[in-house]
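Here subunit A shows up in two complexes: once beside subunit B, once beside subunit C.
Right after this comes the complex of A and B.
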């Protein structure tokens, strides 16, 4: 009895020494990535939050202003306008890219001649450089010389006057949303197609034997199989589009989504880094809030 | 295995060490203390960069102990980059900046006024046009934030043949401009009255607005620096601007829409002398059209008679005469390094020497006019590579150049420098106000109250 316990104790202590060593070794192994994450991700975030409490001076003598920067932002009606614009933009582009991507993926999942070629051609908007396609869109929608107004106004008389669809504050958001969907749906399409191809065809055969029609097959097999895939695509697209700057800004400067508001507020003319940091912080909190609501309430993960 | 790794490491070490020694040896053979200058130019186009680089190469060949790095910076980013560089302690040695930015940076203490004075002494202060020099005067009279290098004049360019046919007066007064703009505005035929800026992120709006406000005696500040923006005169000017903006092509517009004029779709447009070569020379105009928007579209043909049929009104009159122009200077940031400053002064002095100066100015025919007397009438200046100036004739060129003496600006009131005007300019408050009125349909009083509140925030 006595000797047994001694033995087990010595095994235990030896085990804990080994465990200790392994732990240390483990820390040693993750140290490089830890250093990178802390210095390149965590430090900037913390420093950004820190800066948002100061009026940042070029000379380096920052002045502590408490939550004045944050107050200035959340009492600015333009800020809330841009939050609304952002939500509308994110909502419609996310839904649009996912739905169009889903439809195209379902279509491309069927067999037809030259399918491989068509599948790769669909990726074109996604892989084309933003600046090139943005200019093409601007030429198309130019109110005086553009092909769109030429057809819609001169030929079809759809409008009573020439309209600058791409720049006017009333209409530019629609063009931006349309552009966002057109530019980014191939990504959703690609992901969904991969998901569709992974579904066991045996499931469909079984369903057919049970007498399922096309819609029922989609409702009870395809959709549940790609449910989490769709959830992730929507989440990713929402995050990306919430922070989207270049597509919107290059296309039309009049759709003031949050990143553009930040740019105009903090970086035009005199740099206002304190305000910029405060906006970034508020934007971050908003985004986290949306994600949490989405994950908990919509996806029920 | 281990051995081979050790050998590999050793050989890498030896190689790098020997190259280090080699490099060190090379350095010693060169001159004792080479000075390195960084020159931020706002000429970002590659052909202009090549010309400036050629001037630099010529200079450094004569001065082997100075090396110069040329950095192109877009004019809209200049202020931002300068502040970032100042915060980071990596200021360039020479910058090419316009008056508004020079004053904004100068008032923050980033620019070296002593160096500017030294440069003015070397080049000869009396040679400069007073009007151009005045734009760079610091708060302390007689000191300057930068030294004028080239300038452009803005005016209303108009289709003289259309005006003649319609029996209209040239657009030199408010009445004449408004009457003509409304007369020619015919959206059904895709023809528009006048182009002025209505985009909220473009300085072009304020450049169009300034002569309109100034000609109505409406300033931003009084001579003691008190904000007097919300005045009846200013409201008249804003309303007049909004009235003209109704005759522009649809939607928010900026200077790029000048192409509509070249296509014969517009009667008038606010523009600087930069347009001279587009109007006069076929290849240039075609390049401008195709590189922007309109290759192959109807109306893209060049009208060879356009230069003959285009006239310019550089002064606008209502209650008084006002002109608008922009002068670009060479400025030296505060560096605390006398060697670098001295080298920068020497290089700039070279850039003011006649041959280098005219070579530089010929990079943008029309857009870069000389800022001192005795250049515009020289054979060499009038004989530009594209043959543009000869199409206008020496007399017209000299007349335009002398307009640089009559530039009005919100930042100078009765000879006093109001630095806050530059801050307002760089924060684009007036363009935002114009956008709100003309594009979002905001009431003039409300938009002006908004602008005034924003200006007050900046001043305090």
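Right after this comes the complex of A and C.
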């Protein structure tokens, strides 16, 4: 029995006046939150769709242009380039964070000395400000001083010369993906660990009696038990990574994922808000499409 | 035989833990190390500086900068010239303390602090009542409200940025510095409200209803119940949610960069750090020291609430 049914028993049986009062009280308490979310989240989203049909002027009147903005966007090769970049970025960061998160969660699910300390340390990438850690990454990959080139070029001879991986357009996406995994794996790890700890230990004991080894235990017990949890975490991460701006923009200017493409269109050079709004809208439609397919195929709702 | 395979297993396990920890904190170690190195030492892969250099920190925190940059000839001149009052002398000396302009750490710190504190405070205050409403009070439509709060998770900041920018521009909110600051504070409050609602709502459900019920029977009002029972019982989670909301606002860059673009005196730490990096004053030890100083408050706060936060995050939704 949850607390709701207890409440209903104790209060609602006393009559409809109380029920009515309860209703008013509930709405009264939620009202401030509701007003804020409707006026500052839902209304702006609708307004964004509205804006996408105009040539927007920050001062003065907007000029109605119909679907011209949308047409301009979807016929622009740079937009599709950006869509491709986004897909690659989202795919690899999401799989990477989940995989690293899963491995770390499996490790951390055991007891060992200093576990508390290790736990707090590995959450640091997730809580530190993006702006404070990007420059450290820049330094690590700095062609002259960085430790990465010191190891990869001087020690392992993987490169023919010391190159700037973050500045060069071909390689910057790999660093951005690695950075995304590093920054967000603690989130996946935390969620997966909570799932692992909820698994009934009796299942493992039974499997051991049946002669299951380590891998088989993972394959036949752990994995099925956390399948839907993993599915939801992947979905959340995919949504969030798709919307990521700062983690890419502050690290490198060369990886133009969709939010950055939108930002550059709308807020730099000749500020073209109407086109920006159109991209943001198309981006949102793409995201909704992905979510619907994913929920049906993977989560089987 | 048994003990040796056990030992092998144990050392592989220890090694994996070590690798994970190293992966997670290496950039922080690198940051600390570089912030303490002299320029000639940067290329040295060792993380321990050959010679300790704390100039970058001194410069950013404005410690002992007074006399350093003043040319000797000016000092002599000031000493010989007896006609100038003390105040005038100080003014002349101040002109040479240029480092404050490179990265006025305290100004940025203060701006970030006010923004993050006030937005987190209002967000948590509103969320306490909202979360109590949909976790405790029964009425039609609360399920829909709960789900629509969830929906907010899906909207990326960029989708909100454009309409909010245009709206605030049309209402004339971003033409004055005060208006821009308050607008930004409100936006941070909105960005942190869903996570506050969720984490608090999930916690309120775990409080046994019988406690509240007995207070009601004793003649306590519904507000009295929230004020005297629910808040005291969940004070630790309230503090946690407050700090989490504070951290989100403290770390935010995108909205700040757009809304505070024309108000340099209101810039937050992330904006200041970005400007330092793209300016001609960008020197690695200075950037790393500034990064350390921006990250430390967040890391300290996080350590304080670490246990509570990880519990709260996994128990319910969490928004970035």
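Just so it is clear, the second predicted complex is superposed on the first by the 259 of 301 C-alpha atoms of A that agree within 3 Å, B and C clash if a C-alpha of one lies under 4 Å from a C-alpha of the other, contacts with A are read in each partner's own complex, and residues count from 1 in each chain.
Keep this in mind: a residue touches a chain if its C-beta (ideal position, glycine included) is under 8 Å from a C-beta of that chain, and two chains touch if they have at least 3 such contacts.
Predicted model only: the values in this text are computed from it and were never measured.
Trainee: Which holds for A:162: it touches subunit B only (first), subunit C only (second), both, or neither?
Mentor: First partner only.
Trainee: Which partner chains sit in contact with A:139 here, subunit B, subunit C, both or neither? Use first/second/both/neither.
Mentor: both
Trainee: With the two structures laid over each other on chain A, which partner does A:216 touch: subunit B (first), subunit C (second), both, or neither?
Mentor: neither
Trainee: On subunit A, which partner touches more residues: subunit B or subunit C?
Mentor: C
Trainee: Just subunit B (first), just subunit C (second), both, or neither: which does A:267 touch?
Mentor: In the superposed model, A:267 contacts both subunit B and subunit C.
Trainee: Tell me which partner A:190 touches in the superposition: subunit B (first), subunit C (second), both or neither.
Mentor: second
Trainee: Report for A:81: first if it touches subunit B alone, second if subunit C alone, otherwise both or neither.
Mentor: Neither: A:81 stays clear of subunit B and subunit C.
Trainee: For A:253 in the superposed arrangement: first (subunit B), second (subunit C), both or neither?
Mentor: first
Trainee: Once the structures are superposed on A, label A:16 by its partner contacts, choosing first (subunit B), second (subunit C), both or neither.
Mentor: Once the two structures are laid over each other on A, A:16 reaches no partner at all.
Trainee: Starting from the residues of subunit A touching subunit B, keep only those that also touch subunit C in the other complex, and list them.
Mentor: Dual-contact residues (subunit A): 58-59, 139, 144-145, 267.
Trainee: Touching subunit A in the complex: which residues of subunit B?
Mentor: Listed in rising order, the residues are 79-80, 83-84, 86-87, 104, 108, 110, 187, 190, 192, 199-201, 249-252, 257, 260, 263, 265, 293-294, 297-299, 423, 425-428, 439-440, 458.
Trainee: Could you list, by residue number, the parts of subunit A that touch subunit B in their complex?
Mentor: Touching subunit B from subunit A are residues 58-60, 138-139, 142-145, 161-169, 253-254, 264, 267-271.
Trainee: Which part of subunit A faces subunit C closely enough to touch in the complex?
Mentor: Interface residues on the subunit A side: 2-4, 6-8, 10-12, 22-23, 25-30, 32-34, 36-37, 40-42, 44-45, 47-48, 51, 56, 58-59, 104, 107, 110, 112, 118-125, 127-133, 135-137, 139-140, 144-145, 147, 150-151, 182, 186-187, 190-191, 193-194, 236, 239-240, 242-246, 249-250, 259, 262-263, 266-267, 273, 276-277, 280, 283-284, 287, 291.
Trainee: Under the touch definition given earlier, write down the residues of subunit C that touch subunit A in their complex.
Mentor: Residues 13-14, 16-17, 20-21, 23-28, 30-31, 34, 42-43, 45, 126-127, 129-130, 132-134, 136-140, 142, 145, 148-149, 152-167, 169, 186-187, 189-190, 193-194, 197, 205, 208-210, 213, 222, 247, 250-251, 253-254, 258, 269-270, 273-274, 277, 284, 287-288, 291-292, 294-295, 298-299, 302-303, 306, 310, 313-314, 318, 320 of subunit C touch subunit A in their complex.
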